[in-house]
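Per-chain residue numbering starts at 1, and chain names A, B, C, D and E are given in the order in which the chains are listed.
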Amino acid sequence: MLGKGLLQGLAVTAKNLVGSYHDPARYVTQEYPEVPPKLPEAYRNFPFLVSETADDPMGTLRCVACQICEKECPPQCIYIEKSKDKKPDATGKPQIYPAVFAIDTAVCMSCQICVEVCPFDAIKMDQEFAIAATDRFGGLLLNREQLAKPNAYYHQIHPTEAAEVDARLAAERRAAEEKARLAAAAKAAPKAAAPASAAMSPTRTAPAPTAAVPPPAPPPSSP
Amino acid sequence: METPEALRDRLLARFPGASIELVPNGSPSAQVSFRIGPAALREVACFLRDDAELALDQCSNVTGLDVPDREVVETVKESQPGAPGGPPVVTERKQTRLQPGHLEVVYHLYSVARRQGPVILRARTGNRTDAVTLPSLTPVWRSCEFQEREVFDLFGVVFEGHPDLRRILMWDAFVGHPMRKDYVEPDDYEWEPTPHGDVLAKARRHYPSAAAPGAVQPSP
Amino acid sequence: MMLPDPAATGLARVRKIEGDALGLRTPAFAPTEGAGDLLEVSLGPHHPSTHGVFRMDVVLDGERIVRLKPVFGYLHRNHEKLGEATSYLGSMPYTDRLDYLNSMTNNWAYALAVEKLAGIPVTERAEYVRVVLAELSRLLNHTCLAGFLMQDCGCSGTPLMYAFREREKILDLFESLSGSRMMCNVQRFGGCRVDPSAEWLAATRRLVDGYGAFLDEFEALLSGNEIVMARTQGVGRLPAALAVNAGITGPMLRASGVGHDLRKVDGYGVYPRFNFRVPIGRDGDVYDRYMVRMLEMRESIAILDQALRDLPGGPILDPKAKQRGLRPKAGEAYGRIEGPKGEIGFFLVSDGTGNPTRYRVRAPSFVNLTVLEDLCLGHTVADAVIILGSIDIVLGEVDR
Amino acid sequence: MILAVAPASPADAWLERAPLLLRDALTGWLPDALRPWVSALLSIAVILGVFGLLFAYMTLAERKLLGRMQNRPGPNRTGPFGLLQPFADAIKALTKEDIVPRAADRVLHFLAPVVLVALSLLGLAVIPFGRNLVAVELEAAVLYFFAAGAATELSIFMAGWASRNKYSLLAAMRALAQLISYEVPLLLSVVPVVVVAGSLSTTGIVAAQGGWAAGIWPHWHALTPWGFSAFAVFMIAALAESNRSPFDLPEAESELIAGHLTEYSGFKYALFFMAEYLGMAALSAMAVTLFLGGWQAPLGLLEFVPSYAWFGVKLLLLLLGFIWIRATFPRLRIDQLTRLSWKFLVPLALVNLLNGGFWAATADWSGPAAAVRWLVSALLVVVPFVALARSLAAGYGPRTYRYAPS
Amino acid sequence: MTTLLAVLALICLAPAVAAVLVRNLIHSALLFVLAWLGLAAFYLALGAEFVAFAQALVYVGGVSMVALFAVLLTRPGRTDLLPPPSAARAVGGLAAVSLVASMLASSLFWSRLPSMEPTAPIPLRRLGELLAGPYLVAVLLVGLILTVALIGGLLLAAPRRPAEGADA
């Protein structure tokens, strides 16, 4: 009978009208500024550089300016310049650090390829999305100081992921020390056999010149 | 579906005059293709579409390829007469030869009726400058209409017999074919000067303001 | 209730294409003698119902369309040249931007092509996760299409809002898995970048269970509606022979009665392990395309049920599979999957270096537009808008 | 519920006579010569005030209800629950620049919205809002209402022509085709009411609908078979006359452009908008008067509620119906729209004319004869409806789909 | 009463004269509408409500549309109509004046002018019975003429585009 479909349609809109007053499934608007959005843990926006401690961010940057992320970044929006000198990193081994590390957030599309290819877990994805700048060129180009955020912040936004990364880094550090100690012990053993007349007294963790800790094999993909 | 070799022999038997050859494919996908001389391209295509056993009624994909001129370094063995009565002296000389490039169009054909494919056809143009016409397959499969226009627009292959050969993605007044390997981007092309690397250098030339104090100065 | 069949109105214009053996050109419509002045109108590029930057140059004879030239390229970013300048891994996030409604299926098509090119095996769990993500993306796409199509028919937003309410649930799932709602960048060569957790799978299970009810309500609102039937039945009829010959793929081809679905034809991934049906239409008009997509969504729900039920354990990605410095041997490969809009394929030619020498995207929306003029001739402007809506194009994919 | 001793008759309940007492209080101290003029001005002021506010809050109600039907809140930022939204819109309309195209015919361009608003207000003069609350008591009130309504096409033509823009003239032609096509069923559906009520004056028609059969079934015209069919045709035609949902062709985005209103902006556009809503309210008010028993109460017991309250409730219910329909239905194409009028509504209204005549002729049948009378009248409605519906919807219908052999 | 009628006469005459003089055809068509409204006001002044509203409904609603459509569809698009040569204008003016004079003369001298006072308005029901009774034949005749005119119009419009079929 002509009109049956029309009445059915009216019934559906009526059901939704009534439903919107009592059934939360039929009233889905979240009024953004008042109601903050609940972001899933995996949410990612622009990257940030991880520094071990909050008080000295530039000193404890994990990044060693290996420029893998600069090469792999699809839109080429990362710009790194190596430092001339070296500074000891978390494990005490002198590493190069980035003198200039700039990400042009006007070009970056937050695809997290840089996080994926970084062998040192030095760059992670942030969750802060309300970013505004007044100037298109300088304003959106975040330099090293603006990008660095402490590991504690990383734990705050990506708890499970941060925990895994820290566990792995701790394990590597332990392995590195274990190897360093073994190397030191192996070097110290022949001297013990020879008369102990050597002047040099083994320092606590002398930099092992010979068995340099092989740079950790780049783990292909960390979640 | 019959093996590529059997199909090539059938085609050669069917079209004695045409030049039909198999092009091997190094990747594990082993999708072998047939390079067909432009002269017989449309007849072969019609045959492939109407043949009962093949029934390739869908041309799924038309792709343009640009193979630029290549410097080929060859070692040429020359034999000069050696000392009298002695063996000739063989000298090897490296000689660079310029292999002329060409434009190529690849057709991926499938059969919807018999659920088989792909059979891949390739056609080469004479060279990359003046002899760039190929017969259009739009009269055989209408799916080639837009895709051939795109190959014309981005590569510059002129399809003879196409009902409406115009640029499809670029605006009509656009000069040049962007997908060619030797395409040079116009310098003053309006773009977003990101202040680093060569882009910064280009920015300095065109947008002095971009090098304003605010932008990061690469350290000396 | 409808205009008499356009061909029978004596308005005939045959657009001659020489050498057309099959004569597949449907008779277009010539302006009748003494047709008065023809009105040249261009709909778009920012016309409210052209789904993005797309223009149609239309010549009207009174109410009837006698010529329609689609014009696009406004969103052309030369995606394929970018592909040549970027590494294989680097192109993956760019494929999200092709058909920006279905980044999951775009990624899968690209990953499949690279796996075919380099011969990379895919882990068992990843195959199932890919099917789950692809079918979720198909649900999302068809729901959006139904919303947009009804918006073009003139409903003032109601079906669109219901469609977007359901789409939000799926996007939340994608966001909690991959980190971004639409630009997921999840697939990798040989598997997926992230492994769905137990509560994610439970949330997906809840969504799938509730989706049938939404479809029933949506169909109650629209499918039986006499005005919808009057506006869409018999409009933009696509004959099966022309559909196949014009390379039309996806729901548009199936609505014309051709049961061609790559999930059955190619049997890629683990689709042969699921039993699902492929709905086909009879007339190939706008109503058939709408109904085929609604039925396809119900089939997707069936597939999701089975995939979630027997999702195996095991690694999501083989750690030794090379992603960053992938250098496939010289050669070429064409990989294709059944995307929500049709056959989306990637043709990659590699010369052994880290970047492909040719990176070609076969976009379904681009090829499906070939017959837009044939469908619209003889109809009114209001019909042309609906026919364009039923083809389901996304300009990111059309212009690349 | 303590009810003061029921007044002798509902007519002289205090609340019932309140408006009249107010009027007498205001005009009592004037010399007799001036009194009719001032009371006329007073009733004009009341009508303008009430229907002006009704228009304002109709726009808000439309956006809130549309929102709620689409699972979203609708405007709720301006004032509590968005109650100040209409005034915000008014200020926006006033401050927006009013662009008049250079080639436009300035006089007609300005005149069109003014004429449209004036005409849609004129119709309200003869509507009986309460027991004896009618602005102008006319013997041929119904004819007056439709005479005022008929001229709206003129202003749409002026708007389309004065904009000097090919597309807006084309769109004005389509709008005129729609209005003229739906003018005929609108008028035809009113004739049976006049035949049965025996008078053209609105107060007469409302009086004819007084009383309740067996205390509970009011004598409203809409509750009789022929009356229900006439009411349905009237409402569909009213939808089309005020360019509302399934027929809002002129402003359809899928059309060429925004119809004949393309060249209007600022306050003139708001005037057109206001005219549309006032037209809708006027047609609904007339529908309430003709079919839903004007200010008659639905039940005898409910007579204590003042009559103008009943009129208001019925009017609001009809207007909410308009919004409900707008939220649900897509739009008809121009040829389907005119075909619906000429091949479905007009024949139905003509048959209904016969039905009304039969109903009036057999007014004195009682007992079993009344049942026969109802049956015949019902048949006279259902049979043509089914026949016409079948011919209208030939070739359409739900389809069954098969699956590809895997 | 007579002053009211004089004012109404002016309301009728002014737009009519303006309609003749104004250059833009559309404006003149719209001015005609004003003249018809003036006529309706006349009937109202004389107490014949039904006739006034009928006049307003039929003329302002329907006939004005016909006039405007006619002006639009037939005009060859030239808005600047050349004023006819002065000789033709003189003859035209003379003819118009003589016609008006003869009509006025006949009505003033030969037939007895009805008294200016409005007679008691006929109740509507009585009017209806009159129309359905003695004047039924006249009403049916008028209906017939209108239908014939309608069908004639359709036939004239139809052949031009037979192929259009059931176009709107």
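Just so it is clear, contacts are C-beta pairs under 8 Å (C-beta built on N, C-alpha and C of every residue); 3 or more make two chains touch, one makes a residue touch a chain.
A quick note: this is a predicted structure, and the numbers were derived from the prediction, not measured.
Undergrad: Hop across touching chains from chain A and tell me the fewest hops that reach chain C.
TA: Between chain A and chain C, the shortest chain-hopping route counts 1.
Undergrad: Going only between touching chains, how few steps reach chain D from chain A?
TA: 1
Undergrad: Tell me, please, which chain's centre (mean of its C-alpha atoms) is farthest from the centre of chain C?
TA: Following the centroid criterion, the farthest chain would be E.
Undergrad: Measuring between Cα centroids, what's the chain most distant from chain B?
TA: E
Undergrad: Looking at C-D and D-E, which one has the bigger number of contacting C-beta pairs?
TA: It is C-D, judged by the count of C-beta pairs in contact.
Undergrad: Counting in whole Å, what is the centre-to-centre distance of chain C and chain E, each centre being its mean C-alpha position?
TA: Each chain's C-alpha centroid was found; their separation is 61 Å.
Undergrad: With chain centres defined as C-alpha means, what is the inter-centre distance between chain B and chain D in Å?
TA: Computed value for the inter-centroid distance: 68 Å.
Undergrad: Distance from the CA centroid of chain A to that of chain E, rounded to the nearest Å?
TA: Result: the chain centres lie 86 Å from each other.
Undergrad: For chain B versus chain C, what separation do you get between their C-alpha means, in angstrom?
TA: Spacing between the chain centres: roughly 27 Å.
Undergrad: Out of chain E, which residues touch more than one other chain, so two or more?
TA: 166-168
Undergrad: Would you mind listing the residues of chain C that make contact with two or more other chains?
TA: Those would be 3, 63, 158, 162, 165, 221, 223-229, 260.
Undergrad: Residue numbers in chain B touching 2 or more other chains?
TA: Where chain B is concerned, no single residue meets two or more other chains.
Undergrad: Mind listing the chain E positions that touch chain D in their complex?
TA: 24, 26-27, 30, 33, 49-50, 53-54, 56-57, 60-62, 64-65, 68, 123-125, 166-168
Undergrad: Of all residues in chain C, which touch chain A in the complex?
TA: Counting only chain C, the residues touching chain A are 86-87, 89-94, 96, 158, 162, 165, 168, 172, 175-180, 183, 185, 188, 193-195, 217, 220-229, 317, 319-324.
Undergrad: Of all residues in chain A, which touch chain C in the complex?
TA: Interface residues on chain A, with respect to chain C: 2-6, 8-9, 11-13, 15-16, 28, 40-44, 68, 72-74, 109-113, 116-117, 125, 219-221, 223.
Undergrad: Under the touch definition given earlier, write down the residues of chain C that touch chain B in their complex.
TA: 15, 17-21, 24, 72-73, 76, 78, 80-81, 116-119, 242, 244-249, 258, 260, 265, 328-336, 343, 345, 347, 349-350, 358, 360, 362, 366-367, 369-371, 399-400
Undergrad: With touch defined as at the start, can you tell me which chain D residues reach chain A in the complex?
TA: Of all residues in chain D, those touching chain A are 65, 68-73, 324-325, 327-329, 385-386, 389, 392-393.
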